[in-house]
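Next, two complexes with subunit A in common: one pairs it with subunit B, the other with subunit C.
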Partner chain A sequence: MDEYAIGVLTNIGLISFLGLSAYVLLISGELSFGQQAFFGIGAYAAGIATAMFAWPLPLAIAIAMAGGATAAALVAWPTLRLRGLYFAMATLAAAEMFRIAFELLHWQVELGGERVGPDGTQGFRGIRWIFERGVEPLGFLALVWLLLLAFVLGIWWMERSRLGATLRAVGADPELARSLGVDVERLKLAIVAASGALAALGGALFAHHNTYIEPRNFDLMLGVHSLAYPLIGGLGTVLGPLLGAALDIGVLEGSRFLQGYRMIVFGGLVALLLIFRPRGLLDENLVHRLKK
Partner chain B sequence: MSDFLQNTLDGLAAGASYALLALGFTLIFGVLRRANLSYGPAIMFGAYAAAWTSLNFHVGLGVLFAVMLATTVLAGAYVERLAFAPHRAGSAVAAMVASFALWMQFEEVATLVLPRHLYAFPALYEGGPLPLGALTVRVEALVMIGVAIAICGAVWWLLYRTRFGAAVRAVIDNPIAAGLSGISVPAVSIRIFALASAIGAVAGFLIVTTQEQVTPMLGMWSTLKGLLAMMLGGLGSLPGAVIGGLALGLIEAHSQWYLGPQLRDFLAYFLLFVLLAVRAPWMNTRSAS
Partner chain C sequence: MMKLLVLAALLAPLTVHAQTRADMQCKATGKDLIYDCTIRLARGDQPLEGAQVSVGADMPSMPMAHNVKPVKARPGNGPGEYLARLDLEMTGEWAVKVRISGKVRDQVVLHYRFDERGARPIRRR
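Now for the complex of A and B:
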């Protein structure tokens, strides 16, 4: 496989974590404009762990996921009773606060004659753990996709279980679910924390793939992209967000003949697609028919 | 004390532009119950059309304004047709994501036509600020405040003194009942989109002629400020949008003075988050879905 294809596939994998984090929220009836913040928290936390403290990557990823889950739960805990656009705006406000906090974060240490660490709007460079360990691009690609596969299988299994049915019931009608004895608030808090951890995992891998991150990476643009992936790919199956990300990055990067016009074509296609399939390509009806 | 007054004056001018952005957002939200993420990008698109005209032809501000107004309204109508009309009875999320997809289109076309990161835009007023006692006031600020008052008055007249306004208010109250009583909801919706885009174009024109530059960031900036002001004033209320815009301008001006630009933005988002979390009574957080 050539370097270029490896790069595209790695990017699809990385961004798919963010798409998955939006997906688990969407199927339980929540709309978040703030998943980019948890992706950013994962990126910063993991980068700080490996580049500044020289901790191993698995530990850094664990810290990132714990940080993402905690931050998401802290955001959601006071705002869970809000519905629709109100909750979306609360998550957006929180995400922008995190982004500004990254801009204000100046914390560097001397390492081998070099200052390493987040430097506000100047960004955070030198997150080189995988290069210093001699991990080949193909090896990193495998790591990203193995982790992704593990979480996709986990979510797939969860959706087939009683928990998955409960989640979709809460998404379809929270009041009805409540009247059937579901503790809606507790369930939502758990799913929000899980989605924060998923986004943070993607961010941790992104930081190590890019070696450089800056606060601007984690703005509303990224957040709405993550929302678009499950909606393009389809809300009927956990593979939806992956398909959405693959179409976006694949079409964007793949079709070089469209260079300069790719967002015009892609934006128009997405708008048209949503007219005919408002719940995405792999929507519930299609998935149901395929299963039969 | 004079610092305080000066900041208040500057805050009112910024707040007037936020109020107009929030007014446009609220008109669309009220009629469609959908957030239009492409609202700011359509304004940015209009500003780019005007900037392109100004670079290629020697024309006055009046022509530039006409170009910006026409382009923004057309862009708004395009968004309504492609992202909102098909989802009228359907999914709000699909409509929002579709409006985001069109945002991508606007941004790409704008940067294809004018690829540099920043373009100069002719100034609204060439002279310096006017003295006002111990304070100074920029002519652009006075124009902004005056225009905002005029537009709010005109919108109020349109909504409360015309047949069209009665139809719009009926649709805002209950679109199904309005449709049953013979009001054409699609017709109201496209006209409201055009009106909101026109208001956005006026606000955007005053902003770019005051800042004397355009960047692609104007799109996201307008969407964020409009959303923030609309939410602060209580989602869906037109007087609330104006008050929310002015409040946002004042909060930003004072916090910038004491805390600097980054904490200024932080404070505005923090305030919105807290008001949402405590479910401030004017925000109707219980009723809307």
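Now for the complex of A and C:
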């Protein structure tokens, strides 16, 4: 496999984490425009851990996930009482606050004659753990997809359990679920925290793949894409966000001959898809028919 | 035993190596959004010679989806010099990714603003 193909597959894997994090929120009835913030928190936290403190990557990933979960829970705690678009707007505002915080973050240390660490809008260079360790691109691709597979299987198992059924019930009608004895607020808080951890894991891997991050990597554009993946791929199965990410990057890569116009064509395709299949390609009806 | 050794390697803190430094100059070719770029690479105080270098570019606001397909750079005339032709989709700011393989593996990201004349590095405030 050539370097380009490995790069494309790695990008699909990385961005799928973000799509999965939006998916778990969507099936519980919440629309978030702020998942990019937790992706960014994961990227910064893991980058600081390996590049500035020389901690191992597994520990950095654990710290990133804990940071993403904590930040998501802190955002959700006051905002979950909001409904629908109001919650979406609150998550967008919170994400912008985090992005501005990254712009204000200046914390560098001297390592090997170089200044390493976040430098505000100048970004954070030198997150070189995988290069220092001699991890080949194919090895990193395998790491990304193994982790992704583990979380896909975990969510798939969760969806088949009582918890999954409860989550979809909360998503369909929270009042009815509450009347059946479900602690809706606590469940949603836990799901938001889990989605934050998932996004942060993607961000931690992204930072190490890219070696460089900056606040603008985590702006609204990334949030819109993360939401688009489950909506394009479908909300009927956990594979939906992966299909959405593969279609996004696949169509964009396959239409390079259109140069800058490919973004317009892609936007048109997404609009058509959402008109004709509003809950995505692998929606609940199709998945139900396939199961039969 | 082998598993333990692999686990130990993954968990051990790493030592700090010299980073690769890069600077770049690009000229517009006159063809639509195609730029000829000269990249100079150094590691420590020495120019980095004999490396395999590929050059791609990302848009900072959409790094994984909106990018330029990497091209292989060829060695230039000067020490540590490599030449690459970049075919961008639009003018504006790009994060140019210089990926180095061979005896040294590393990646350097450079921020440049591309316009009709060429490219210049960006210092944000």
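Definition applied: the second predicted complex is superposed on the first by the 292 of 292 C-alpha atoms of A that agree within 3 Å, B and C clash if a C-alpha of one lies under 4 Å from a C-alpha of the other, contacts with A are read in each partner's own complex, and residues count from 1 in each chain.
The rule is short, and it goes like this: a residue touches a chain if its C-beta (ideal position, glycine included) is under 8 Å from a C-beta of that chain, and two chains touch if they have at least 3 such contacts.
From a predicted model like this one, the values you see are computed outputs, not experimental measurements.
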Touched partner set for A:Arg125, first subunit B, second subunit C, both or neither: second
First, second, both or neither for A:Leu57, with subunit B first and subunit C second: second
Touching partner for A:Asp219 - first (subunit B), second (subunit C), both, neither: both
Touching partner for A:Leu227 - first (subunit B), second (subunit C), both, neither: first
Partner chain in contact with A:Met263 - subunit B first, subunit C second, else both or neither: both
Which superposed partner A:Leu14 touches (first subunit B, second subunit C, both, neither): second
Which of subunit B and subunit C A:Trp157 touches, first, second, both or neither: neither
Touching both subunit C and subunit B, counted on subunit A across the two superposed complexes: 219, 221, 260, 262-263
Of all residues in subunit A, those that touch subunit C in their complex: 3-4, 7, 11, 14-15, 50, 54-59, 111-114, 120-123, 125-126, 128-129, 131-134, 206, 210-212, 214, 216-217, 219, 221-222, 225, 248-249, 252-253, 256, 259-260, 262-263
Subunit A-facing residues of subunit C, complex: 9-19, 33, 54, 56, 58, 60-66, 69-70, 89-90, 95, 97, 99, 105-109, 111, 123-125
Complex contacts: residues of subunit A adjacent to subunit B: 26, 31, 78-79, 81-86, 88-90, 92-94, 96-97, 100-101, 103-104, 219-221, 224, 227-228, 231-232, 260-264, 266-268, 270-272, 274-275, 278-279
Residue ranges of subunit B in contact with subunit A within the complex: 35, 37, 82-83, 86-87, 90-98, 100-105, 107-109, 112, 220, 224, 227-228, 231, 235, 262-263, 265-266, 269-270, 272-273, 276-277, 279, 283, 285, 288-289
